[in-house]
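Consider the two complexes below, in which subunit A is the common component and subunit B and subunit C are the respective partners.
Let's look at the complex of A and B:
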């Protein structure tokens, strides 16, 4: 059993755009900083696997100074300790986080904590969604990044949100045969969204870039997958657009219905949640003293919002809240964009009717829609049908069930991720009397 | 004015639903009032270990009687009740506890309960993941495990088949001689009232001496074959008997899913439902002393629950002292799953003036409690 602990001024959990920025800023402001991420590589869902995380004005003109340019480079200040491949599983008492790697457990003592835990894809059940080769859009991208051969494979990308475009672009680069992008959002709302981007020059540029590269891929709005079919593995998908329905042969279906903020660790810490997001003040401080939150957990808003929130949180946690205030105007700009984004990619009611009685909603425990219909609350679904009781701890079925039935998941308890028993027996869970 | 019931039961835990079924089967018109979910309180929080215990003659009588009722129920229980006759192994840590193993075996055998002594070798063979060097244990093959929330739901449905009515999402706010008032303002006329509200029962019947005793449990991911029997350290008795504020004991149970359920902890005076890191730690360190390999298993979930504890560790089954037409079926501490079925029979026997299968006097709420809390 390992008995180790490390300490720091600022602990940053999550190494995506928000966390990387926060860690960099905090340590440059003089704070002894630890940055950890459960992935062996930093960058988050969006930057991982990229050769560099450099910001430049092509992607973003909001952040252009030197510190941003250094992000993710190898010259690491002594004050910054990086812990890739570690995840926080418990928070036994204020100022202590229990973290696990594949083989070790460590207690991290901190003065300030910045939660930059990002977001995950939302999945919705539909007939056939559990077939092999039906996967999350981000998940397929990650598998390709780690070696899944995709060249020449026929891929359909379906769901909602800007992530579909980013994944399509990536898969095209990898020479996949991307046959269709099916976006459930309406064409008119996307048009309005596109117009609003004129006030966000960087976004407009980004969107145009993507579109140019995707020119050869049909992009249909008001369109969604009604079922996936195949004998042992995926062979084709059935699609619908308005009154029209048709089939399309494919090897992979990549689905994702926008993003869900990862708020579990914040909830475990006792942070207040509002409309599914971590509630923060203008310094990115949560309702719990010394705990900050930045990026997608405070509201899905993309890279720019994450970076500026990471910067504000990093400065505030390092005691430079005054300095952070000069970024508030930029933040407001990003927050407006986030509002439009989430409005545009709101799920349409028709998606609630895709599943049949036999469709599994909880894949860990094989709970069907018909079984859930017999329940009246999330707790009843858990206790009487084992919904959400598997190793994903309800991360996948929870948001789907909330969309389908309006049930809110229960409070978060340790461990926030499946954790080794020994990680819950760390010596320093109890306050030392000395 | 709404429909009148012969009996209104507060609480749709395993005790309340068992009582509802028993009374409804006897022809009474029954309503069950449940603020949350059927089987969602201590019923959902416990291990679901159906076990014969010999803490006292009265405890033995009730657990043994109940276990026979469980064997009958098992035949009709749907698969989701996850009923499995795993048997219990009481694990001895030293030679002193082996003496207890021998005493316990003699006690059980004398009363018709099969119990077999395992020596060090047999114990290691039965449970290879226990730490080496343990002197032995007592194997009680008749004990079983169930998944209590689904059993409670099944009992409730059976009661409903016999005409019982479930009133979910509401609690009892006032009790009069001829009716109860619910939190939604409804008045429910009734003949008699049964308090089966577990650790919340003193709110309805103040002064009955039931106290909350908090417990923690943990469940792992799926590791089929890691544990084969319900394992309990013999020191468990010391933990259960201890009236000090905090204690832990080694309990491990194989679920039909291959998951391992790990317990147990006992706390008086802890009112909040939050998982307490220090109790969890103590409980798990204890478990790892007995089964070092547990340390590397992955936990998927932890939770807490509140046992309804009485000073003499026996449940309260019968008329609520000084309150006409009111009955108690509460105070089952850690044995509520096991003794729920016997409780329902004994309660119905009293209400219906039937001849009981075992004497109910030891469980009457009017008995004098030995307040040896800090002995």
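Let's look at the complex of A and C:
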């Protein structure tokens, strides 16, 4: 696989629930499809490494059977090409994406593009959040899934969102000593949310809450970490709930504040963004013709929403938009749940007051809160303090700065990830040849 | 099913055996190092996101600096150095 150009009818970027479903549907509908994901294994955030997941056997085949280059019978021409370990870094002109692996760069020519780039955790700064062993909630889970022994380790889980419960359950299964789940959302909004949960995606959430209780982990609402302390690594966290504050010794703090859609690639393609999400029509098509988007980038809504959007996008991209319409009712259902979810886990104002003058907000360039206060825009913070100019390109500090100061990060420039020079020159050649 | 073999690598010169599929980041934590690198201002840092976006888990792998250890699986004979 050393050729520099490959082509397909449908290119799917991202191999999570949305992308896997879209690729499956598109290639079953007769489209020559390429599915790529920047991880060595498909599955996305939730199915990665989850061999036992029962959802849709065909989708699961895609995950488990990574060496087979095609779906269907062997004498059929390969309509699905899977490219794990490849990341799209640039889009030099319409119909072309530049992708790179650890050692190679490819131009992929496509008729239709489906962006299923998922979401990442939102992190908020507080004193001590840069200490080693303070990790994201999904971050610690990923670390355990990739070999970190956690049995017997004392873990505090804090922040907001249903992910905290999922992570607690997972870590308990791995015999971690989960000491507390601190949820910043108010008990009353969670109670209202609970009452509104009568239908399918919601049931999963209820089940998670129930399990957390059965796992005998204390789950406190209106509660958050005010600081993390330790000499060179985490030793304890300070917590607050209403007027009460206390300390808890721990080995790991797993902290995340719900999720942020990965919209960078869509922005690079010129797709319109609305309220931080990629804007799509009922066929999941973005404002750019032939570019579709499915899953978390169109709005955080969990796995069911990602799957149904992947199905609609896959069908629409394969020219079967009419067929896709039968999934609209399910989609509306998932979207309503997503709306309530995001309302319930909205960040409270008090979290803005946690950082002190010395707290680093931008971890790549060590820009403190006091230094940011001297700036008036994101642009000024970048120019004068290099905020967001480090290797994460503002992915970590951007959402935090937006929450703290209300500054919107500027539009994305290629590459969307720090890319190799070779990839950029290839993107440049593609651009000039257009 | 045969027992999975282990993968041996060296972290800061010390030999360590881990299960196949273990990432370099997990191996470094298993070896007892929580500070993977020093920040611009010199403060110790370790992994945050676990998914390749924060760049806090950077270490030197086989002489190659700035490798994101959460995205790399341990390979036999790998030389890993932390603290840069």
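As a convention for this text, the second predicted complex is superposed on the first by the 386 of 434 C-alpha atoms of A that agree within 3 Å, B and C clash if a C-alpha of one lies under 4 Å from a C-alpha of the other, contacts with A are read in each partner's own complex, and residues count from 1 in each chain.
The criterion applied here is as follows: a residue touches a chain if its C-beta (ideal position, glycine included) is under 8 Å from a C-beta of that chain, and two chains touch if they have at least 3 such contacts.
Please read all numbers here as calculations on a predicted model, not as lab measurements.
Novice: Once subunit A from each complex is brought into register, does subunit C clash with subunit B or fit beside it?
Specialist: fit
Novice: In the superposed arrangement, does A:97 touch subunit B (first), subunit C (second), both or neither?
Specialist: It touches nothing on subunit B or subunit C.
Novice: After the superposition on A, what does A:164 contact: first (subunit B), second (subunit C), both or neither?
Specialist: neither
Novice: Specify the angle subtended at the CA centre of subunit A by the CA centres of subunit B and subunit C, expressed in degrees to the nearest 10.
Specialist: Nearest-10 rounding gives 80 degrees.
Novice: Pick one for A:316: touches subunit B only (first), subunit C only (second), both, or neither.
Specialist: Touch status of A:316: no partner.
Novice: Determine, under the contact definition given at the top, whether A:396 touches first (subunit B), second (subunit C), both, or neither.
Specialist: second
Novice: Once the shared chain is lined up, is A:116 touching subunit B (first), subunit C (second), both, or neither of them?
Specialist: Touch partners of A:116: none, neither subunit B nor subunit C.
Novice: Have a look at where A:140 lands relative to subunit B and subunit C in the superposition and call it first, second, both or neither.
Specialist: second
Novice: If you tally the residues of subunit A touched by each partner, is the higher count for subunit B or for subunit C?
Specialist: Higher number of touched subunit A residues: C.
Novice: Please work out whether A:38 is in contact with subunit B alone, subunit C alone, both, or neither, and reply first, second, both or neither.
Specialist: Second partner only, subunit C.
Novice: Once chain A of both complexes is superposed, is A:425 in touch with subunit B (first), subunit C (second), both, or neither?
Specialist: In the superposition, A:425 contacts subunit B only.
Novice: Between subunit B and subunit C, what is the shortest CA distance in the superposition, whole Å?
Specialist: Checking C-alpha atoms only, subunit B sits 8 Å from subunit C at its nearest point.
Novice: Overlap the subunit B and subunit C contact sets on subunit A and report the shared residues.
Specialist: 390-391
Novice: Would you mind writing out the residues of subunit A in touch with subunit B in their complex?
Specialist: The contact residues of subunit A facing subunit B are 1, 90, 92-93, 376-377, 379-380, 383-384, 389-391, 393, 413-415, 418-422, 424-426, 429-430.
Novice: Looking at the complex, which residues from subunit C come into contact with subunit A?
Specialist: So the residues of subunit C in touch with subunit A come to 18-19, 21-23, 25-27, 29-30, 34-36, 39-41, 43-56, 58, 66, 70-71, 73.
Novice: Using the touch definition from the top, list the residues of subunit A that touch subunit C in their complex.
Specialist: Counting only subunit A, the residues touching subunit C are 38-40, 45, 120-121, 123, 130-136, 138-143, 146-149, 232-234, 360, 363-366, 390-392, 395-396.
Novice: For a test of understanding, state which residues of subunit B touch subunit A in their complex under the given definition.
Specialist: 36-40, 44, 80, 149-150, 153, 168, 218, 220-221, 262, 274-275, 277-278, 280-281, 284-285, 287-288, 294-303
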